[in-house]
Each structure stands twice: as structure tokens, then as C-alpha cells.
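Given below, in the form of C-alpha cells, are the structures.
You will see subunit A twice below: alongside subunit B first, and alongside subunit C after that.
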Partner chain A sequence: MKITIEHLTKQYGDFKAVDDLNLEIGDGELVGLLGPSGCGKSTTLFMLSGLTEPSAGRILFGDNDVTTIPPEDREIGLVFQNYALYPHMTVLENIMFPLINRKVPKQEARDRAEKMAAVVHLEGLLNRKPKALSGGQQQRVAIARALVKRPKVLLLDEPLSNLDAKLRVETREEIRRIQQEVQITTIFVTHDQEEAMSISDRIAVMDRGVLQQYEKPQEMYLNPVNEFVANFLGMPQINMFEGEITADGVWLNGHLLRSRQEMAAGQNLAPGKYRMGIRPENFELTADGPQQTASHVRMTGRDLLVFFKLDETEMRLLAHSDRQLERGSKFSARVRPGQLTIFGADGKTLAKV
Partner chain B sequence: MQHNQTVARRLRGCKGYLYLAPSLIILLVFTVYPLIKAFAMSFCEDYSIIDGSFKGINLQNYQDLFADEVFLKALSNTTIYVVFVVPLSILLSLVLAVLIHNSLRGKALFQTLYFLPYVTSVIAIGIVWSWIFNSNYGLLNYFLSLFGIPAIPWLNDPHYALAALIIFSIWKSLAFNILIFLSGLASISQEIYQAARIDSTPRLRVFFKITVPQLRPIIVYAVLMGLINAFKVYNEVFSLFQSKAGPANSAITVVYYIYDKFYNSGDYGVASAAAVVLFVIILVLTMVQKSIAKEKEEA
Partner chain C sequence: MKSRKPSSVAARIAQYAVLCLGAIFTLLPFLWMISSSLKTPAEIVKIPPVMVPAVAQWSNYATAWAAAPFGRYLINTVIVTILTTVGVLITSVLSAFAFSRLKFPGKDLVFSLFMATLMIPGEMLIITNFMTITKLKWIDTYQAMVVPWISNVFYIYLLTQFFLQVPDALYLAAKVDKCSDLKFMVRIMVPMNKSAITTIAILNIIGSWNSFLWPLLVTNSQEMRVLSTGLIRFQTEAGTSYELVMAASCILVMPIVLIFLFLRKYVLEGVAFNGVKG
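Then we have the complex of A and B:
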């Protein structure tokens, strides 16, 4: 089921929780709705579910305008942030509940619920009450309950936020697997950029109710449209600083980051001060050049995270973990070609040099 | 060091009992002692409250009690009363509580309305209701006449007196029940109801499959309190029938019987025996009800 969101707005008094959102989600696509706390992710999801009434705009499922259709009739599955399982019912009863509501005969409802439970690997837990389950198991019950009625759209509101790191990775892979298995259009809300990038076909990044960028994860990571998206994606975070462009090239505090000759033709940025960004992995260590001093070094496993100061500006650099670098070590580095991002005064990306 | 700590802890324990002492003393003097005394009196034949003399220790009081038609009437009245008042009151207040909870507007008005009977004196309410039940000018008969039902002599006909008492008591008990149900409703997570909407749950099913199970502990509590209070019904009789037990004792209840035997007839032993019988009934019912509730909890 294709979803089209047109000029969707939710206003609380003077405050716009969601502001003129336009989004098109293809059939069977998994879209990650990403943004910081309070940016309007849940509000968007709840408008899609029908639990929250939009102040303006339209929502289309396929070619049908569902804006005024109540949640009961939208044929959606929703997994709540806290799962919202029925605490007094067993796992099986929870999963059967939506079917019985739709007057599916009891035996058939039972069969379907059991099959769905098998898909999410809940066999053997069917007679337990939710409070006797782990967070990950509860979450899978919630997904099974949402999917068993064969909805046209699956909505998930930060379903992994209560899980520990390992379970989180496991269950997000599982969600992806189930989603591909049943081929259902899915919207997945999260404030975890890594989570969003790893399971989404496309990501919609929101900030203060406004859509910033809607793109495939890799494309968005490599080419963020603005400073906000560049900042939000990536861990460790992108290095942001104020630099200067002159006739000779791009400078930071007297360090030449990129000479004019190295810049591609046509990148005719007017001289002046600019906000700039370099991702930590886009530094490369070189044999010669100006020396830097590591102020501290953190081993993260695959990488070494090296902190150093380019005069006043603190920088983070990722190096391969077999490099012999420690606090106080001297090294030389340069920015890989085409990986220095220049932002305009309005925060929009102007160029990568 | 170790020793000092134990002493300090013990002293602190003593201090705790000191704080409790006033209420413990009151409890002992006004509750525990009378309980034991009544129990003892029930086995004393012809007990005199003036000099504490009695003829002998036997079951004479209990024999007299169960031979007394008035007591049997009181017992059956009380049973009928309990059977009607408790379930009807719980059901009605549950439905009303849900309606009040779901209606956003007028919540404050309702809050005052349902709380009113709870804070008003039973006697005053009884007087108002005796007017409502008045066969010639009463509101209830006027209302029934709209449906073509002829005037019913609610308070003057032995056939209707108990019914009037039951209606009055249900109304009166609503306040407390609605209050506790509302607090229970407020504590149910909204998300469960949202989930129920997403799952396309019909309204009645939401009530029976979500609201009622979620309120179960509170319903159990309300039933228990309702049972105990209903078996002890007295004030309602006293106020509705102006200190009588209805025409020809038709609305007499066990507690009214106890009161009457004690203060009017001076049959202290029989009154005590009736009190013990009532105590045992309530005790057994409470235990049965609790074990049922526990069984369901574990299931």
C-alpha cells in the first residue's frame, strides 16, 4: 500500500508539532522517521494511525483519502513505544484479540495467531502473561498483534528504545526480516540514527516539526542537505567549525584545508566565512605535512578515535585500530578529496570540496 | 558497636509503638473489648447489663433467636437486600463511572453531584427520599405515572417497603463506588485504549474485555465493602421509615433487630447472639469472596 502525505500539519495552540509535511512512501517500503526528541515523529505516526486528528493536510493510502477515517477502519498495525499489550491477557489472547474483534471464527483466529507467533519466534510463550516476558519478547508480541490482522500499513513508534544494546540490534534485524517476509509498507520511528540507517529503505529526518531530508540512508549520509542532517547522522559526530574561503583555498585558523587547485572547476565559492564540516572518517593520515598532537585517543574496537586541536578547534579523527597512536603522539593528516562540506549562512549545503 | 546498634533499633521499635498507642488503646477499648464481651454475653442466659448477673451458660439465647419469627424475617430481608443492592449498585456505578470518565464536558458538575450523597447526612437524605417515595405527592410515583403505572404506596405497604429500602440504598451507595471506580479508571493507561482502537474493538468489548479486567482489584474491593456494609444496613432503615422498621416490621434488618432487642426489649443475650450470627455470616462471606478473588487472580 502506497502512502501519500500532503501538507500534513498538527498545531497545538500556536505551536506546530508537525509543519507542512509532504512524503511519499512506496508499496512495501520501510521508511525510518528520524529526529531528536520532540521533533514530531510520534505526532506524525499518530496522525497516520488516525489516533490524532491533523490540523491540516491529507493522508492517502493508495488512492483513498483516509484523513477522516477513524483508526478502527484504517487497516493499520501500530506498535506502541511501550508496547501497550493487554496485561490481563496471555500472549496468545493478545495476538488473537484483533481477529476476534473482526469476527474471525475462533479456530481460524487461533491458527493465524499461532502462525504469526511462530514468525516472530514466540512459540512456547503463548500462555504467558506479558509481565512474565522480557522486553524483547513483549515487543515481538506487539509486532505479532499488529501484523496478525494483515494490515496494509505497519507503524512502529520507537519499538526498540526499551531494549539493551545487543537485543536492540537483534530485534531490529528481526523487524526487517519480518517486514520483508510479509512485504508490508512500514514506518519506523526512532531517534537513533544508526538504527534508522541500518534498517530503512529511506529515511525522513525531521527537526522541530519540519522535514529536513528524505533520502536513502547512504545517499543521505554522504550528501546531507543541511547542517542539521549532517550533524544528526553519524557517530562519532561530524566535526563542525567556522572556516574561511579566500582566493587561495579553504582555511581554518591558518591551516590550509584545501587549496584552490585541488578544488574542482566550477566550485566558485565567494571568499568569506563559512560553516564547514568534516566527518571523522574523512581525515586520512599522511607521511608528511604539518604535525598535529593527539590530545587523547579512544579505542572503539574497529577504530581509534583520535582527538586533536587545530589551534582552537577540537577535531575528531577516526584511524584504523592498528595505528600506533596514543596521547601526545605526533601525526599528520589531511581531509580526503571531496569530503569537506561547506554550508551556507542558512545552514544549507553549498558544496563538498 | 554491633550491640549499640541493636539497642538503638529496639528503642526505635518501642518509639513506633508509642506513636501507635493512642489508636491501639481506642481500638482495644471500643472494638476488641465489646467484641469479646458480646460474644460472651451471647452464651449467658438472661444476662443483666445492670449487675452482670445471668442464670447460666448455655445456648438458650441462640434457641430463642432462631425461634423468633422477627429475627428470621430480619435475616431473610437482609439477604434479599444484599442480593439486590450489592450487584446492582456495583454494576450501575461502574457504568456511570465509565460514562463520567469518558465525557469530557461537565466532569466537574458530575463530580459534585455524585459526591453529594456521600457527604450529606443519611438522616437528611432519608427525609428527602421519604418525600420522593410519598404515595400521593412523591416524585417517583409521578415519574411512574408518566408510564401509566398507578401510584405505589412505597413506605406504607409492607409489600413495597423493602423495595423502597433497596432503591434508596443503591442510590446512596453509588457515590462511594463511582468515586473509587473513577480513580481506578484514571489509572488505566490510555495506550491500552488506543491499542484497542487500532485493533478495532467494539465498544462493549472494550468495556468487558479491557475496562472490567483492568478494574478487577477495585471491583473485588467494592464488592467486599458492599457486602459488609449491606449486611450491616441500619441507618438507611432508620432514616427512611422515621426510626421504625417499615410498616409491620416489613423492612426489618438484622442490625435493626439487634438494636431493637438491646435498647427496646432489654434482651441483651439475644441481641448479642444475633450480633454473633451476623459476625459469622460476614466473616464466612468475606473469606469465601477473598479466596474466589485470589483463585481468579492466579488463574
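Then we have the complex of A and C:
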């Protein structure tokens, strides 16, 4: 089911939780709504579910305008952050509950619930109460309960935030697998950029109620439209600083980051001060060039995270973990070609040089 | 294994001593009632008193049972207790659900007014209630004993607090699952708060079973007496036959003890159930 969101707005008094949101989600797509807390991502999800009434705008499922349709008739499955399982019912009863309410005959409801439980790998646990399950299992019960009524759209509110780190990675793969097996248009809310990038077909990044960028994860990571998106995606975070463009090239105080000759033709940015960003992995260690001193080094396993000062500006650099670098080590580095992002005064991305 | 310090052993002994003393004081009158109900008239007045009768006089029970229409009293008590308890549960669950979940104009004001009635001593209500019952010409009827007691503000308050602890997400999830408000109350709220509701039921059964002043005021005929009022009448009628009064008292108390023992299991079950973070 294709979803179209048109000029969707939610206003609480003077505060706009969601401001003129336009999104189109393709049939069978998995879309992550990503942003810091209070950015309006959950409000958007609850407007899609029908539990929150929009102040303005329309929501279309396929060609049907569902804006005024109550949640129970929208053909959606909704999974809450805390799963909202009914504690006095067994797993099977929880999964059957939406069917029983829809007057599905008991035997059929049971069959469908058991089949759905098999899809989410809960077979042996049907007679347990939710409290006797682990967090990940509870999550799968919630997903099964949401999917058993064969909804057209699956909505997940922070589906992984209540799980511990290892389970998170497993469960997000599980969500992706189930979503692809059932072939259902899915929207999930998260504040974890890694989570969003790893399983989404497309990500919608929001900030203060406004959609910033809607793009495939890789494309968004490589080409953020503005400073906010560049900052929000990526761990360790992008290095942000104020630099200057002159006739000779791009400078950070006395340090030439990119000479005019190295810049592609047509990147004629007017001389002046600009906000700039370099992702830590886009530094390259070189044999020669100005020497830098590592102020400290953190081993993360695959990489070494090296902190150093480039003309008073604190920078983070990712090097391969077989490099012999430690606190006080001297090294030279340069920015990989085309990986220095220049932002305009309004925060929008102007160029990558 | 850590060896216990002598001082902590002494503390334990002191604790148990106090508990035992408490148990003896609570149980003694009860045991005295049972033993007296099995004594002969001579043993009852004997000094020094005997704790265990020489021969248990089981016939006292039959005599007491036959001396007054206790069967009738028992039926009346059961009817009044069941009706008030069912009434209290229905009104408490409905109002607690409304106060905790529903949105309606004046909700806070209505709730405050309910709470304000808790400040009025029960004795003050007896006169107004009695006048109302008289005007309705309900004197000497079941409804006179039942209707004034089918709602209880304290239970409503208690249950509202329990219902408020049920997370909103469950309500929203149920809504998406096509569950109406009424269905949500019956299928989710009530089973989730089984322990609180059972506790209210037990408290109300005990209160209703033991109620004395109100049934005494609003009933006249012997057919409408309940066990408590019947027992008092029996006491005046039986005069000095204390053994018969004690036997009748035992009969009166027994059902409530059984009900408590039976329901206690559910209360504990419910408490254990609610104690786990959902």
C-alpha cells in the first residue's frame, strides 16, 4: 500500500509539532522516521495510525483519504515502544485479540495466530504470559499481534529502544526479515541513526517538526542536504568548523585543506567564511605534509579514533586499527578528494570539494 | 555461611514472642466462643472457668438453630450481602473507569465532589438515609438494606488509582485492535486489576455481613432480620443461655471465615501478578 502524506501539520497551541510534512512512501517500502526527541517523528506516526488527529493536511493510503478514518478502520498494525501486551493474556491470546474483536471465528483466529507466531519464530511460547518472555520475544509478540489482522501498513514506535545493545542488532534484522516476508509497507520511528540506516529503504530525517531530507540511507549519508542532517548521521560525528575560501583554495586558519587547482571546475564558491564539515573516515594518512600530533587515541576494534588539533580546532580521525598511533604520535593527514562539505549561511549544503 | 550473632538471635526470639502474644490475644476470644458453645449451662458459669468442656455439647447448635429462624436470617444476610457487593463492584468499576480513562466535561469537579463526601461521618448519613427510605415506604424491605450501600466512594477512589496505573499504550493498542471502551474495561481493565477488585469484594462482603445498625433501623418484622440483628434478638430472648448464644455466634461467623479463606488465594495471586513489571 502506497502512502501519501500531504501538508500534514499538528499544532499544539502555538507549538507546531509537525509542520507541513510531505512524504510519499512506496508499496512495500520500509521507511525510518529519524530525528532527535521532540522532532515530531512519533507525532507523525500517531497521525498515520489515527490515534492523533492532524491539525491540517491529508493522509492517503493508496488512493483513499484516511485522514478522518478512526484507527480501528485504517487497516494498520501498530507496535508501541513498550509493546503494550496485555499482561493477563497468554501469547496466543494476545495475538488472537485483534481477530476476536473483528468477529473472526475462534478456530480461524487460532489458526491465523499460530501461523503468525511461526513467522516471528514464537512457536514454543504460545502459552506463556508476556512477563515470562525476554524483551526481544515480547517485541515479536507485539509485531505478530500487529500483523495478524493482515493490515496494509505496519507502524512501529521506537521498536528497539527498550532492548539491550546486542538484542537490538538481532531484532532489527528480525524486523527487516519479517517485513520482507510479509511484504508490508512499514514506517518506524527511531532516534538511532545507525538503526535507521541499517534497515530502512529510505530515511526521513526530521527536526523541530520539519522534514529535513528524505532519501536512501547511503545517499543521505554521503550527500546530506544540510548541516543538521550531516551532524545527525554518522558515529563518530562529522567534524564541523568554520573555514575560509580564498582565491587560493579552502583554508582552516593557516592550514590549506584544498587548493583551488584540486577543486573541480564549476565549484566557484565566492571567497568568504563558511561552515564546513569533514567526516572522520574522510581523513587520509599521508607520508608527507604538515605534521599533526595525536592528543589521544581510542581503540574501537576495527578502527582507531584519533583526536588531534588542527589549528585550534578539535578534529576526529578514523584510521585503520593496524596503524601504530598513540598519544603524542606525529602523523600527516589530508582530506580525501571531494569529501570536504561546504555549508551556506542558512545551513544548506553548497558543495563537496 | 555466616554465623548469626547472638544479639540477632535474641532479637528474633523477642519478635516471635511479641507475635505469639498478639496471636493469643486475637485468638483467645474466638476460641472462648467456640469452647463455650460446646459447654453445658453449668460449665458456662463455673468458677474458675474451664477452657475445654468435659463432654462437647453438639446439641447446643441444633437447639440454637431451632430456637430462632436462623435459616431465614442466613438467607436474608446472603441476599443483602450479594446484592450490595455486586452493586458496589459494578458502580466502582464503572466510575473508576470513567474517572481514570474517559474524558468528559466536569470530570475533576465530579471527582472532587465524590471525594468530599468522604469527609462526612457515616453516622450523619444514617438520619438522612433513614428519612429517604421512610419517604419511599421501603421500611422492612430488601431494597432498604441494599440500595443505600451499592456505591462506596472509598472503593471508587481506590480502584481509580489502580486503573490509572494501567499504561495508556494498552488503551491505544486496544483501540487499534478494534476494542470498544466497554470491551476494554471488561476484557483488559478488570482482569488486570483482579486483585484490587477481589480485595474490594472481600472488604464489602465482610462489612455487609457484619452490618448491624442499619438493618436494625430499617427492618421490623422477624422475616426481614439478618443474622446480626437476629442474634441480638436471640440474645434477649435466650436470656442466660449463653451456650446457645455462643453456638449461634459460631454459626454467624463461620461463612465469613470460609469466604475469606477461599478468596484469600485470589488476593495473593493477584498481588503476585501485579508485582511484576509489565
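Operating definition for what follows: the second predicted complex is superposed on the first by the 353 of 353 C-alpha atoms of A that agree within 3 Å, B and C clash if a C-alpha of one lies under 4 Å from a C-alpha of the other, contacts with A are read in each partner's own complex, and residues count from 1 in each chain.
Methods note: contacts are C-beta pairs under 8 Å (C-beta built on N, C-alpha and C of every residue); 3 or more make two chains touch, one makes a residue touch a chain.
Since the structure is predicted, the reported quantities are computational estimates derived from the model, not experimental observations.
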Fit or clash between subunit C and subunit B when superposed on subunit A: clash
Which of subunit B and subunit C A:N82 touches, first, second, both or neither: both
Touching partner for A:K131 - first (subunit B), second (subunit C), both, neither: second
Which superposed partner A:G254 touches (first subunit B, second subunit C, both, neither): neither
Subunit B versus subunit C as contact partner of A:L51, first or second or both or neither: both
Subunit B versus subunit C as contact partner of A:G272, first or second or both or neither: neither
A:G301 touches, of subunit B and subunit C: first, second, both or neither? neither
First, second, both or neither for A:G13, with subunit B first and subunit C second: neither
Set of subunit A residues, in rising order, touched by both subunit B and subunit C: 49, 51, 71-72, 76-78, 80, 82, 84-88, 97-98, 101-102, 145, 149
Subunit A residues within the subunit C interface of the complex: 49-51, 71-72, 76-78, 80-82, 84-88, 97-98, 101-102, 130-131, 145, 149
Subunit C residues touching subunit A - in the complex, by the definition given at the top: 167, 169-170, 172-179, 183, 188, 191-192, 194, 273, 276-278
Complex contacts: residues of subunit A adjacent to subunit B: 49, 51, 70-73, 76-78, 80, 82, 84-88, 97-98, 101-102, 145-146, 149
Residues on subunit B engaged by subunit A in the complex (per definition of touch): 189, 191-192, 194-195, 197-202, 205, 209-210, 213-214, 216
